[in-house]
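First subunit A sits with subunit B, and in the next complex the same chain sits with subunit C.
The block that comes next holds the complex of A and B.
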């Protein structure tokens, strides 16, 4: 591990130890923050109970659906927009300010569209994630070196060959960055929706625990979510670093 | 963070082309409104109020005597959060960019924080700050500050070494170096960070209002959602979309100008 890595680890462990001590010796109100060890206990309790396990499972399913849909639709839309230069230019300012809009205000509309089931939430996650995928796909396609395109023409590659041997490898790192954002945004979209408006899932379970003063369960769920998202991010980060190293960026 | 950065690519050298593009964008917006109207016809005006009905309703809401109170509450929370996000984010970003080791230690932690759904932290914020405006401000800040820090830090890191060496040769003080070298050199990227910070602070403040609040636009939204008042929901959504897009477009224009300036220099 690098020196920075060790310092980081020491910082995190130190901060946790300080928090644990501060809570145990009563420097911080127990009503607000509980010691990290109790938070882990809460995570364990959440995993052990059937009800919360069902909530977690539901959220993971919804996030996965939102992720898969946004990756497919975002990549397809990115490929099409790359061809339609004029539309792309016109769309640019709208794409750039897209994330200033709180997407989940459209939740009631989605309920009318899809009914009272999991799809309105998935739609929110999808809307949140898909634009990041589109932007990164466009980015990746725009950065394919001209020399590659010309070489492909010289070699008379067919369309499929061009896609497989030129576009895919050259733009892969950007597709991947898009995917990484799509994971984060799918989680944010789905969980924010569950928090504010839904009656099931991890977001709802956290809000419910807060409302019923069950701090241990609340912190337990939060820690669990951070562990899940953190693990996914770490895996993606490793793969992404390898891709960038190969692309020589 | 390349996701929100696509616009960096399209630096248009000719102003005339920029005009044609604005026309295309205007056409696109007209197309979207037409799509909205078509949606109303398909879904019925109870599910999706038409554009005209939404604008009329919005005018009625803005004219209502309760509205200024809610708008002011949101504006106050948002602006305070924005000032804190930008100022503190800028200072922390400058410090982390200048100290390489500190930056290396902090960066992975910050990117991890950036990608977690911070909405789950809202109960914690409520427990720490209590119900009221300070919780909303804190929630806006935790959303907005991280991109500002990350962008500023990377901008400072990318400043050519020779600038800093000249500053040392001229024996500039730390404040002078920051004011005359670091901030001007890093400005375009800092503005990009501000743009994303702006959007996320707004998002954070609104989510804060939707959950456990009695006042503000977010509260009006969630109340309308609960009572199935789609006309109010669409009007408020329209208001937010227009305000957010306008602010973002203004910052984007500033961003483009600074970048062109930086390339020309």
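The block that comes next holds the complex of A and C.
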């Protein structure tokens, strides 16, 4: 582990120890926050119960689906907009202000369109994630050095060779950044949707625990979510760092 | 005297008018013939169309009028087989090792693996990059990355090598040494070389012949024969004849540079 990694770990462990002590010695109200050790107990309880395991599994499926769809659609749209410069210029202000739109207002519409099933939530996650993928795809394509394009012409590459061997690796770090954002946005979209409007999933289970004053379960689920997202982000971060280091950026 | 390897006749490049901008006559008319195996340099004031000339010769851009013949065949907006180009910017692929960068064009052209390995090893040895074969470009200095770009081009065995200010980003000492290496490569490969450069010293040191271009639209206003022996290196800079060549280049170029500066401001 790097020095920065050790410092990060020490900070987390230190913060948890302080919180544990603060909760145990009554500096923080136990009605509001429970000690981290109890949160972990709650996580274990969540994992042990069939019902919450099913909720977690459903959420992970929904997030994966919205992520995969947003990556495919976002990359395709990014490629299209990169080619269609006029269309891109027309859409630029919309893309820039996109995240000001409260996506959840479309939930009733999605229920009408898709029915009362998992797809309205996947659509919410998708809408959250797709624009991050589009923006990063556009950014990656715009940053391909002109010298690479000219080199490809001198080497007389075919269109497929150019796409596979120049565009894809040259823009990979930005595609990857887009994917990393898409993971976070898919989780936010799906879980927030479940929290507010759904009858199943991790977000719903957290909301249910909150409404039932079951702090241990609520914090247990939140910790689990942190662990899942943190692990995925750590893996993505490692790959991303390697890509950028190789690119000398 | 050998036959013309490259022949340009009445070549111009005019950028058509666009919304709010008048048409720009960037280049020509250019008439030029390069002998097989000649080292020819082009000098000229900034914005005179040197790089445009290289682009149309390479087939990266289409000439507006005139004809370009490479080995007797017309070049018109597509890069013909046998031409290699090294650009001023670093064009090494950062996601590939030095070896894979050098092997890139051969692999895409479907050259058998054994031959790729053999040719790449030879070219890397030739360009002094053998011990960095498994390094990534980010781990190399600017000069080494430019050598890698030259290696990547040389490995395809171009018969006409076009160099667009390949040492532009390097310091003077490194430029001189890279120039020596380039001369060595030129002698060993027997390729015809066309070098675009801002540096009068570089042009005078490296070339058999130098074309001096006018301010835009660039045309050749002088062709200077250096008369150097094929076996030569940067120690030429100490010769009185070297001063005479650079003096003649500057005499031809000074007024054009002033004109270009006035046009730019």
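For this structure, a couple of remarks:
Just so we're on the same page, the second predicted complex is superposed on the first by the 242 of 249 C-alpha atoms of A that agree within 3 Å, B and C clash if a C-alpha of one lies under 4 Å from a C-alpha of the other, contacts with A are read in each partner's own complex, and residues count from 1 in each chain.
Operating definition for what follows: a residue touches a chain if its C-beta (ideal position, glycine included) is under 8 Å from a C-beta of that chain, and two chains touch if they have at least 3 such contacts.
All of these numbers come straight from a predicted model, not from anything done at the bench.
Touch criterion met: A:135 reaches subunit B, while subunit C stays clear of it.
Once the two complexes are laid over each other on the shared chain, residue contacts for A:93 go to subunit B alone; subunit C is not touched. In the superposed model, A:165 makes contact with subunit C only, not with subunit B.
Contacts of A:150 after superposition: subunit C is touched, whereas subunit B is not reached. In the superposed model, A:177 lies in contact with subunit B only, and not with subunit C. Set against each other, subunit B and subunit C touch different numbers of residues in subunit A, with B touching more.
In the superposed model, A:113 makes contact with subunit B only, not with subunit C. Only residues 58, 60, 79, 81, 83-85, 87, 89-91, 93-96, 104-105, 108-109, 136-138, 153, 156 of subunit C touch subunit A when the two sit together in their complex. Put simply, subunit A touches subunit B in their complex at residues 2-4, 7-8, 11-12, 31-33, 86-87, 89-97, 99-102, 105-109, 112-113, 132, 135-136, 138-139, 142, 174, 177-178, 180-181, 183-184, 187-188, 191-192, 195-197, 202-203, 206-207, 209-210, 215, 218-219, 221-222, 225-226, 229-230, 233. The touching residues of subunit B, counted against subunit A in their complex, run 1-7, 9-10, 21, 24-25, 27-29, 43, 47-48, 101, 104-105, 108-109, 111-112, 114-124, 126-128, 195-196, 198-200, 202-203, 206-207, 210-211, 221-222, 225, 228, 230, 233-234, 236-237, 240-241, 244-245, 247-249, 252.
Residues 145-148, 150-151, 153-157, 161, 165-166, 169-170, 172, 243, 245-248 of subunit A are the ones that touch subunit C when the two sit in their complex.
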